[in-house]
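Look for chain A in each of the two complexes below; its partner is chain B in the first and chain C in the second.
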Partner chain A sequence: MTLVLEAAVLGVLTGGVYALMASGLTLIFGVMRIINVGHGALVVLGAYLSFAASRSLGMDPFVTLVITMPVMFVLGLVLQSVFIRPLKTDREALSVLVTYALALGIEGLLGYFFTANYVQLKAWYDTASFPIGDFRVTYVYVFGFLLCLAILGVMFLVLYHTTFGASIRATMLNRTAAQLIGIDVDRVSAVAFGIGMATAAAGGVVFGITTAFNPGSHYDLISRLLTIIVLGGLGSLRGAIVAALIMLVSEDITAVVISPVWASFVFFVILVLVLLFRPQGLYGVRVRERI
Partner chain B sequence: MLQAGVLKIAGIIVLFAIALALPAIAPDPATTNIAVFTMMYVGLATAWNIMGGYTGYISLGHAGFFGFGSYTLGLLLAHLGVAAGYTPFLLVPVAGLATAVLALGIGWFALRTRAATFVIVTIAFMFMLQLLAENLVGLTGGGGGLGFPVPPWSGDYFNTPYYYAMLALATLALGISWRIRRSKFGLGLLAIRDDEDKALAVGVPTRAFKLTAFVVSAALVGMIGAVYGYYVTYIYPQFVVDPLIGISMVLMVFLGGLGTLSGPVLGALILEPAQLWLAYNYGASRLYLVLYAAVFLAVILVLPRGIVPSLTVLIERRRMRTPPAAPAPQQAVMP
Partner chain C sequence: MRRRLMAAAVAASGLVAAACGGSTTPTAPAAPITIGVSVSQTGDFSGDGKALIQGYDLWAQDENAKGGLLGHKITMKYVDDASSTQQVVTNYQNLITLDKVALVFGPFSSLLTIPASTVVARYNYAFPEPAGGGPHVFDRGLTNIFFVQPAAVEDNLVSYAQWLLSLPADQRPASAAYATQDDPFTQPQVDKAKSLLEAGGIKTAYYKVYPAETTDFTPIALQVANSKADAVILGTQLPDAVAFAKTFIQQQFNPKTIIETTGPDQGADYSGKLGANTEGIMVPAGWTADATAYGNDKFVSAFIAKYGGTSADISADAAEAYSVGQVVDEAATKAGSIDNAKLITTLHSGTYQTVQGPMSFDATGKPQGGVGVYIEQWQGGKAIFVYPASVAAAKPEYPKNTWK
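And now, the complex of A and B:
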């Protein structure tokens, strides 16, 4: 029982990190109607940037975010305007291919500069732990959870309490109508992509401290993140957060009750159940979408 | 018009004759190796197009069916104790049948969704198959991989049987694709691509049609995967359920022209040799992936509609601009 409880606590803590990564992905979908298949690669890129910064500047991994988040944000603006904005026809399908290509390019570049060897971010809190009741919790999970909570909080503040946030939400609701009332949807899209990338950087740091990673790690990440946003309902931030918590808690419990090798399988089981009973996801609206 | 038709048929016959004679024209193993992989992608792209091109449902998970076909043949050979040689080729349709059954199940779930969600669901199912191949160690050998019996053929001849097997499957895929394109079923699929709700409203059984296209497309990919497994003689989960294989066939279709008959063939004939060349020259460093991604982006951004549709538009425009021969003499009447 203690094991299950411990797994549940761990699931909530890591769920918070996945909630942040998935909300960036679902925000990008919501604003631009594109599936960013490269999101996993962006998280890995963020992790490598922090790795390089902490190694060469001797910084604490979390502190490197001061550098990597703005860098990733600007990179997001550039990538969006160079590769995604030019897509005019058949956007949804083509954007999948373009972001896939970006993922491959990032994987290749990271492999070139950092080799395919596994690395991990180091900090004093990566294995140190403190006791809660009958079990111990590693500090990094708590720090990571708090960080992601803080960033999610800022994101919600921006989205719901600023004019720019309102224009982002308007674009998510109806792109054409937003354009008609004078919102520069291209600018909104670029900023949304930038925000998505900055949150990927933050998620990447926590991912990089808790997991050994290499340039190819993005495949595993993206399949999880995509499953999460489908469960939550594409384009729903609340959905992404709830879904991330559900997925990660079930995964961690499965790992202790059944076996760690079957843990990721839970993702697919939940996905199939969702498709059976609620194809639009938890918070999704059943839209008649077309490619 | 008739002349154009005759020209077309003659062209197809010439191309097919070249494809048939290729191992005799260029018997060097390095070349036939490229030919095997290129023909494999001609088949894969054509098969993918039956679902992705005709119905507009983009599946990024076809690598799952590819790997499933591979594993099915490998396990069949191992459990039936089939010796290496030509017999394994006869079991390829069995792998296709098994893949069709799997695709029926997956399609039944996946096709409850549309557009973006469908894309994601196919990716998820692909990774699920990869994980199953990894975890069912007792059946598949897990990460340790699965070996195929190795045929005793000489190095000069080794590639040839595989080449003809791939050619046969590519021809089959093309034949099916052509047949579908000219049938009422094919019209229904195109109607789904253009507007699924309207198609349903005018009485197209959209669900059954989509599922049929999905199953046919997957079964072909499964058979090609089976031959591939036998060709490379050793497979493991990440190697055959490789997302890169899944995305390559999609890219080829987009380069050639989505939903056209010749587009996927053209795309594969251009991209696969290029891809192999990149892998051969830059494969050692990870730059190979960067270059591949660059080609990928260039294709999508420069030719988003694909070669065949772009050419068709160009030819049509040319035709419109040059006035027909008949009205021309009227100019003579003018003083």
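And now, the complex of A and C:
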């Protein structure tokens, strides 16, 4: 029983980190209607930027976010302008190709600068833990979860309590209508992409402390992140958080109660059942399009 | 009649000249050749792929410096397989049919070697390979494979099991926990160790196989820690090797002995992530920088000269790749040819000297009668041989120290 409880706690804590990584992906889809299959590579890029800053400046990995989040935000503005904005027709299909190419480009560049060797961010708390009852909780997961709460909290504040947030939500609801009422959707899209990349940097730092990674680590990541946002509902921030928690808790409990072999299977059973009854995902909006 | 006499005279003079070695025209240098390899430069095996390239390149450089392979200057051609079982097949197909390489060397892992060897066999190429030693590599009736490591993969943990069972009964672990990837490299060796230890009276406290795609190893590591086993035997690659050790540190779980199939043999790539906590962790190893095997000292110094760092930074993968080249060089010299059919025939007999020790192959390409796989243990920031006593640089640290 202790082990199940331990797995559930671990699932919630790591689920928070995945929620952080998936939040940027779902926001980008919501605003721009593009499937950013390069998001895993952006998380890995964030982890490498923190790794470089931490190694060269001797900074704590979490403190490196002061540098990496703004850098990734600006990079997001540039990438959106150069690669995504020119896509005027058939955006959803073309965006998959463009962002996949982006992911391969990032992987290649990271391989050139950092080699293919596995690296990992180091901090005093990466192996430190404290007891709760019969089990021990690791500081790094708690810190990661708190970071997730802080960043997602700020994102909710921006989205629901600022004029710019209203522009983002309007664009998410109906891009054409938002344009008609005078919202600069290109600017909103660029900023949303930048925010998505900044959250990827934040997710990347926790990923980089808890996991040994190399430039190729994005393949496993993106498949998990995509399933999270499909379960949560494409474009729903709340959905991404709930789905990430469901995924990690169900997988971790299955791994300890039944077998790690069945962990992903159980999650996919949940995913299929949800999609059978709610094809738009847990919090997604049903869209009817004329074809 | 006169013409026939003339021909006989010319032939005779030719024979005399040949017998005396008297040719006045210089021999044309042998044509340069390309050796093709599919290497994982991206994907799960990219770290190991990089080490393979280092080993192959260093061998080619050494070989060219002494005149080439039977006089043929060597160019290595690498193609990325992205750690994919489909891509590796396409790569070897292209290397042989489009690039028309003279020879091919193997990729990383049994997972990629198995599909690759089938297509390579179709073209009757020899397939010396450094890292595909799972049982299924050898049970498909192919005769072109030569696995250049001291023992077949399933025997990798035999030395470790023998060492544990050789301990006095009151010191021997009472229980063991096993966790392994469902990978053809890791699982067979863990399963064999389990059967040997169970037969020796060591109780199994936990056994779990997890998918190779697993990214979150913590729940499995928690279960291993929860089993409170005295011995922990893990079938890992580098990322899970590090993740397991970190979770054990976090949980303050201190077994008497830990061995991981891969990870601790990766030099600084491993120790850089665990620091002083590498102390006491073991790994089966056929090669170490300090070994006195044939040409090993030269390999180590040449490696450091070419790539920098220290001997602790050299991955065993690089030594295994270098050994592939050594075996091919000796076989080519013995056969007097780099023809693939002749190399295949030659490699099935005789013993070949490598930086991993002497090696020979049975009909399926499985290494035979070699030195076996040793146990390496991290002690004082360095991985050294600790078993068997004949090669040990120090005694095994047992029980392992508690985490720092």
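The rule we apply is simple: the second predicted complex is superposed on the first by the 282 of 291 C-alpha atoms of A that agree within 3 Å, B and C clash if a C-alpha of one lies under 4 Å from a C-alpha of the other, contacts with A are read in each partner's own complex, and residues count from 1 in each chain.
To be clear about the criterion, contacts are C-beta pairs under 8 Å (C-beta built on N, C-alpha and C of every residue); 3 or more make two chains touch, one makes a residue touch a chain.
This structure is a prediction, so every number in the text was calculated from the model and none was measured.
Overlap between chain B and chain C is detected when the two structures are superposed via chain A. When the two complexes are overlaid on their common chain A, residue A:Y219 makes contact with chain B and with chain C alike.
Contacts of A:G111 after superposition on the shared chain: both chain B and chain C are touched.
Looking at the superposed arrangement, the partner reaching more residues of chain A, out of chain B and chain C, is B.
Of the two partner chains placed by the overlay, only chain B lies in contact with A:F29; chain C stays clear of it. In the superposed model, A:V261 lies in contact with both chain B and chain C.
Once the two complexes are overlaid on the shared chain, A:T127 sits against chain C while remaining clear of chain B.
In the superposition on chain A, A:L102 contacts chain B only, with no contact to chain C. Once chain A of one complex is fitted onto chain A of the other, the partner contacts of A:L180 are absent, as it touches neither chain B nor chain C. Once chain A of one complex is fitted onto chain A of the other, the partner contacts of A:A7 are limited to chain C, with no touch recorded for chain B.
Stretch 97-105 is the one among 7-15, 97-105, 187-195 or 241-249 where chain C clashes with chain B after the superposition on chain A. Common to the chain B-facing and chain C-facing surfaces of chain A are residues 107, 111, 116, 215, 219-220, 261, 264. On chain A, the positions that touch chain B within their shared complex are 29, 33, 35, 37, 83, 86-90, 92-94, 96-98, 100-102, 104-105, 107-112, 116, 215, 219-220, 222-223, 226-227, 229-230, 234, 261-262, 264-265, 267-268, 271-272, 275-276, 279-281, 288-291.
The touching residues of chain C, counted against chain A in their complex, run 41-44, 46-47, 49-50, 82-83, 182, 208-211, 213-216, 218-220, 222-223, 226, 238-239, 242-243, 246, 249-252, 269, 272-273, 275, 277, 403. Within the complex formed with chain C, the residues of chain A that make contact are 2-3, 6-7, 10, 14, 107, 111, 115-120, 122, 126-129, 135-136, 138, 211-216, 219-221, 224, 248, 251-252, 255-256, 259-261, 263-264. Residues of chain B that touch chain A in their complex: 56-58, 60, 109-110, 112-117, 119-121, 123-125, 127-128, 131-132, 134-135, 195-197, 243-244, 247, 250-251, 254, 285-294, 296-297, 300-301, 304-305.
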